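You will see two complexes here that share chain A, one where it goes with chain B and one where it goes with chain C.
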Partner chain A sequence: MSADPSERRAVISSRWSYVLRRLVLAVPVVVLAASLTFVAVRLGPTDPVGAIIGPTGDPGRYHEVAVQLGIERRVDGRYVAVPLWEQYVEFMTDLFTLQLGQSWVISPETSVYAVIASRAPQTLWLAFWSALVAVGIGVPLGFYAGLHPNTPADYVASVGGIVWRAMPNFWLAIVVVTLLSQSGRLVGIDWAALLVPTDVVTSPSLTHLHRPERLAAAIKGILPAALVLGSASMGNEMRIARTAVLETRTERYVEAARAKGVPRELVVWKHVFRNALVPLVPVVTGEFFLLVGGAVLVETVFAINGIGRLFFEAAVQGDLPLVGSLLFLFALLTIGVNILQDVLYTLIDPRVGYER
Partner chain B sequence: MTGAHDPDPDLDPNPDTSLTARVRRDPGPAARWGAVMAVLVAVEAGALAAALLSVVASVVAALAWLVGGATGAGVPVEGVLAALDGARAAAEAVPTLLSRETIPNQGHRTAAGGPWTGTFLGLEPAHAWALRAALIYAYAFLIGYWLFRGYLVFRRHYRAAEWTPRDDRLDRFRDHGWGRFGLVVVVLFLATAAFAPALAPTTPERNLVAPCQHQVTYYDEAAGSVASTPVCTANLESASNGAGGPNVGPLSYDDYGRFHPFGTLPTPGKDLFTFLAAGARVSLFVGLLAMGIAGTLAVAFALVSAYYRGPVDLAAVVAGDSVMTLPSLLVLILVAATFEGHPLAEVYSGALVVALALGVTRWPFLWRAIRGPSLGVAGRTWIDAARSFGQHPATTMRRHMLPAIAGYLLVYGSMMLGGVLVATAALSFLNLGVQPPTPEWGRAISLGEPYVATQSWHVATIPGVLITLVVTGFNALGDGVRDALDPHTAAESGVAVAATGGDGG
Partner chain C sequence: MSADDPLLSVRDLRTVFETDGGTVRALDGVDLDVRAGETVAVVGESGSGKSTLVRSITGLVDPPGRIEPSSSVRFRGEELVGRDDRGYEAVRGGHIGTVFQDAAASLNPVYTVGNQIEEALWHHRGLTGAAATEAAADLLGAVSVPDPRRRLRDYPHQFSGGMCQRVAIAVALAARPDLLLCDEPTTGLDAPTQAGILDLLADLQADRDLGVLFVTHDMGVVAEVADRVAVLYAGEVVERAPVEALFADPAHPYTRGLLASIPARNPDADRLPALDGSVPTPTDPPSCCRFAPRCPEAFDACRAVHPESIPVGDDRAAACLLYPADEPRERAVEIHRDGHDGRNGGTGSDDSRESGDGRAGSEDDRRGNGDGESDAEGSP
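Let's turn to the complex of A and B:
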């Protein structure tokens, strides 16, 4: 970093123009992603109206539903199909004005917002804890392995991380559920009765969290699922943290700090760890992708009433309007997280923005 | 491999440099290698041809549907499919060395505790099966080694250059223990998929698809005589149904003298090894087709955007980011759910739809991984040179850029293949995607889910361990090839996230 203030300002403005460029680029991405959602929901082989009414439903309702979805309209007492491009324009306008409509099959006559609001807390709670578990275990393990390379502990941690990452979430979930529900028999400590009584397979109750015993129950209820969901990211974080520490250790500024007599502990904390965190940023934000996909499976096995399970149920039961809204919201969230990642990068890594 | 793609020596200005000319001058080593290869192929020709033909049949059916959908007219492929099926049956009828006919493992005792009849040399079924399985895996490694040996023969006797950078890469891979481990696992997986019908203790047809149309002969202890019963009845009696119920664990016999290396599934009691071996074939089909589609798209995008840069590159970034923005597994669930009952979902019990969806949603991850190397090679001076003398862009991309990124494609393709296998299994676990009776590893896990803590623990545990092993194997192979290609690359980057496939599966 230069000491000259005007040059410094120029550098900062170029860094923020990089973020701005990313923001502008996000616009066509959102539009395209929404268009892909339209293709998946409206142009797929399943007729959305037919799926909503179902094989046993009242066929007389067909036109009524079709009109509400914007697929048909009433002209002179007859039902006419709306041209595809008009459907597309209407679909996109609705999405971008965030008019997500209502759920049809999962909970009829309820707005999509209400359905999501009733399910979101469970998933957010799960995501928060799995991110915390992954970062809290993966990064320290990786740092430790990187500081002690090619020792038995390093090998155990590295191979463990690789295998841990390769395990299918859904299988790991089953194994964890079984081990915990049999823990009384296996190790003599019954997980369900430990500290606060909870079930192994259940949606944790998220009300009255200000009371310590309710909070403890909610955390304990989510921890096994969070451990499973965080597993893939944990393996990634461990490997990348290890490499980052290994690479940072041999940097010139670390050698310089050593040479001028900075104590080893201080070098590790101030120079090695802080700089090794930089490559971890995209991994931690990248966790979001892993969480969204994995949530479907983990929520299914642990019977957690979250968004992932909602999406699965909606897709299987043909609630295509709800599926479309959820996909769009996920896309928005993903883009938001990506931009957040760029901002974080810009803030912590002064090299960004110098390129090009 | 200089000269390897010069088909006609007459066209070569200097015949001395063409491969055929060099072979003609010193045919000994090539002939010796070719003779052994011919024997190796001949002893298993029937099995290899049958495996190939069943893949061809699926592809033809899929193409017919796609063409039919595009033109609106039905394509009469029933005749072609029937011919392919006939050819496959004929190929299966060709006697092969390592088949269940040569080394049968299914037999029965002739008296209580008496000797076995019908098995190979009167061995116990377990030993007969183990012998056949061991021979098949040994054969797979042998043929793999012999292909590699072919390269060595070429290098030693026929290559024009004394040394190429590839030699160093090969040496680096040979010293890479982790990569070799991956290679062994991948070969085992490929062999299981290719030789599934011969490898399993019984055939998918007999045990999984139509068990009631086949009979099993066994020694009835109660009656004290040899009796016969439909396979489906025998299966029902030997299911693994957890605590309190019947159970046939790994490495054990059921009451009908049948050996189950991995035990049996819950009611209706199919053989788990047969199920998993046949499932390996489905997984491999999905994995290869999905990676083929993703690889083609990724290479096209990488080459075009790196060559032209500017707005083209920007458009490619936007397109890739849009696809990556939609969570891959969710899109997969949506596609699998909406295609249920659709004619396309009937091809290979839905495996085709899964493969297509995976290929179309995963290419940006692969593209991101090979983008750096493609931009790197596009900036080299020889690309500028090719451009300046007016070489067609497509030729430049194919001849001067593609070889530079092919290695990376192999590395990240191998790593992503693991993610594809997990995603396919995850779909089956949710009862979407590949449908019964076609076996899929994820479905075995789903079937065994209620019994993990019981005596029937094997049902979900064995497929889970196998998936973990295979995925680790593909990752290790990718690691090994990457380190061999470029020993100086930083081993990790954000790409590792993409390589696992973008979701937790």
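Let's turn to the complex of A and C:
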């Protein structure tokens, strides 16, 4: 291609400046999210001092702990409450300087970083496989159904997708766990012993993944949970992909491509699928939020020691530094995924991000 | 085939759509010829089957639609009807280019126009890389897009409507086709842009000796571009004539109605006479004149006899019970009635039609089949 390099650069820089603009616009959103985290943590029903001391602790330490937490301060020998706005400023300063403090209840005296770092791999592994299951099965099925509308295969895929979508994951999780535990008696194939021995419910071991049998065990261990967690997303993506292909197929440019002699397969791959991806982008990135919410339930049922379960435990037990940090982390991830979505848009659809 | 043979020869083209409400006969026995270097305009209202005609020629009819196997569409003498997608691929774009209405929608928004031109260059001429870019820039230049080399890298949304149509024409011409199908290429464009596109098409046609089939509802455009005209009504060609003759002396009442509704031809009228109603959707085989319910000159027989195409002058024909005009009305009706029977009765007419011996051939054939006594040359 004899493309003029400066022209090329102009196009690329226009896209990058769009991404940069999106990043700058994300800053106030992050501040707002942090403020809401503060509201949720400090104005919630949990008394932080009580949470630290616990039901069996020494009530005499109350003020001492409160001072440590920055809720009260000693003035002339008396304890007075620190104004909320000062607490807010301190909270925000800590958050944005990434001083997340220590866990109180879940594992006392351990830094929040260490707690999250110990749990994060399980959730990342689960999220990766459930996203892969959802996108890898849902989108191809939807594309296939959209290319063959009103055929038996389409009906099976469509109805299956709706049924799959309609099953709530907390219920499906219990059903899957039950079925897999009984699989030896039900169908004569014991899931736990199949291929590589694993437990039906437990955290898969994520060490030594370079060894094939360990990798297989880790994948097999996470698959039931991933299938459940990805179920709703998979059904959604199938339906949207089917509709997108159906709509794109009848676009004039598809007919025009055929009229200029482009072979049918290439028309489908080049002209139909690329355009059908555009409405899929927000759906796929939107599923991320489902993953965060669903991970709490699915990790609990499948006994996976991940971040979702950690958040649930921290919230129930009043481990506020953990709750606050995780809320903030979820907010950052959400904002990050939104930016990723916009970047994907600019890559797929040249009409996005251009200024006239 | 000889040099005088038509590039495109359409005989008894029937395209039907199976719907819940029955079989819609979108094209019901269309005959048409296009020769190199000439422009044949197909004119008709919405629903007359114009767009289906363009799509049927290159086989772009998808289920629930289908082209009846008895139809014949020959390009340079080669039968296209009955081919599968593979068989059509070399013809589409390669021999027959198509320009659609609303060019902005017929360009894929996510690929550069260069990509979309080079796609055709690759499939039909095997050009890639710098050679393809070169050829694509030449094509954009040929359709008068300014600064073609730079604009190759632009996306369709960066072009105006008129420029999009020029790009679409460049795409259609990429593989150097002999025949260009234009489906209302100027509809939706403002008047100066429209004039520019029509001039461009005329220049390209002269340069490349293109045969052009130009489908439109706009009689003004017909007058400007056409050498010969076919008037389409409810899937049937009701009149065919050289353009001057058609405008000077329209034979079919429907054509007269169309011409009467052109403002420029009736400068003194307060209100233009409009044809009441709209084109019917034909679902049954023709048993009457489909225009009869809207026809100011209809008589009883029009609702009982399907009119055959009858020569009404030099190189022209009309499908109307008023013709042949030199016969008494009863006799004329009989000619049409017999013609109808004769067409259903024998296969001989199909064979002679497929010989494709020029534009008047089919009318003569039918005439000969239906009524041996009347003399085709003797009609007024």
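Definition applied: the second predicted complex is superposed on the first by the 328 of 356 C-alpha atoms of A that agree within 3 Å, B and C clash if a C-alpha of one lies under 4 Å from a C-alpha of the other, contacts with A are read in each partner's own complex, and residues count from 1 in each chain.
Keep in mind that, in the parts below, a contact is a pair of C-beta atoms (placed from the backbone, for glycine too) under 8 Å apart; a residue touches a chain by one contact, two chains touch by 3 or more.
All values derive from a computational prediction rather than experimental measurement.
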If touched residues of chain A are counted for chain B and for chain C, the larger one: B
First, second, both or neither for A:L25, with chain B first and chain C second: first
First (chain B), second (chain C), both or neither touched by A:A232: first
Chain B versus chain C as contact partner of A:R78, first or second or both or neither: neither
Partner chain(s) touched by A:P168 [first = chain B, second = chain C, both, neither]: first
Which superposed partner A:E251 touches (first chain B, second chain C, both, neither): second
Touching partner for A:H210 - first (chain B), second (chain C), both, neither: neither
First, second, both or neither for A:A259, with chain B first and chain C second: second
Complex interface listing, chain C residues touching chain A: 55, 58, 60, 85-86, 89-94, 97-98, 100, 102, 105-112, 119-120, 123-124, 129-130, 133, 150, 153, 155, 157-158, 168, 171-172, 174-175
Chain A - residues contacting chain C, complex: 1-4, 7-8, 11, 251-253, 255-264, 270-271, 274-275, 278, 348-351, 354
Parts of chain B lying in touch with chain A, wherever the complex brings them together: 314, 317-319, 321-331, 333-335, 337-340, 342, 344, 418, 422, 425-426, 429-430, 432, 442, 445, 449, 452-453, 460-461, 463-464, 467-468, 471-472, 475-476, 490-494, 496-497, 500, 502-505
Of chain A, residues touching chain B in the complex: 25, 28-30, 32-33, 36-37, 40-41, 44-46, 162-163, 165-172, 174-175, 177-178, 181-182, 229, 231-233, 236, 239-240, 243-244, 247, 279, 282-283, 286, 289-294, 296-298, 300-301, 311-312, 315-316, 318, 320, 323, 326-327, 330-331, 334-335, 338
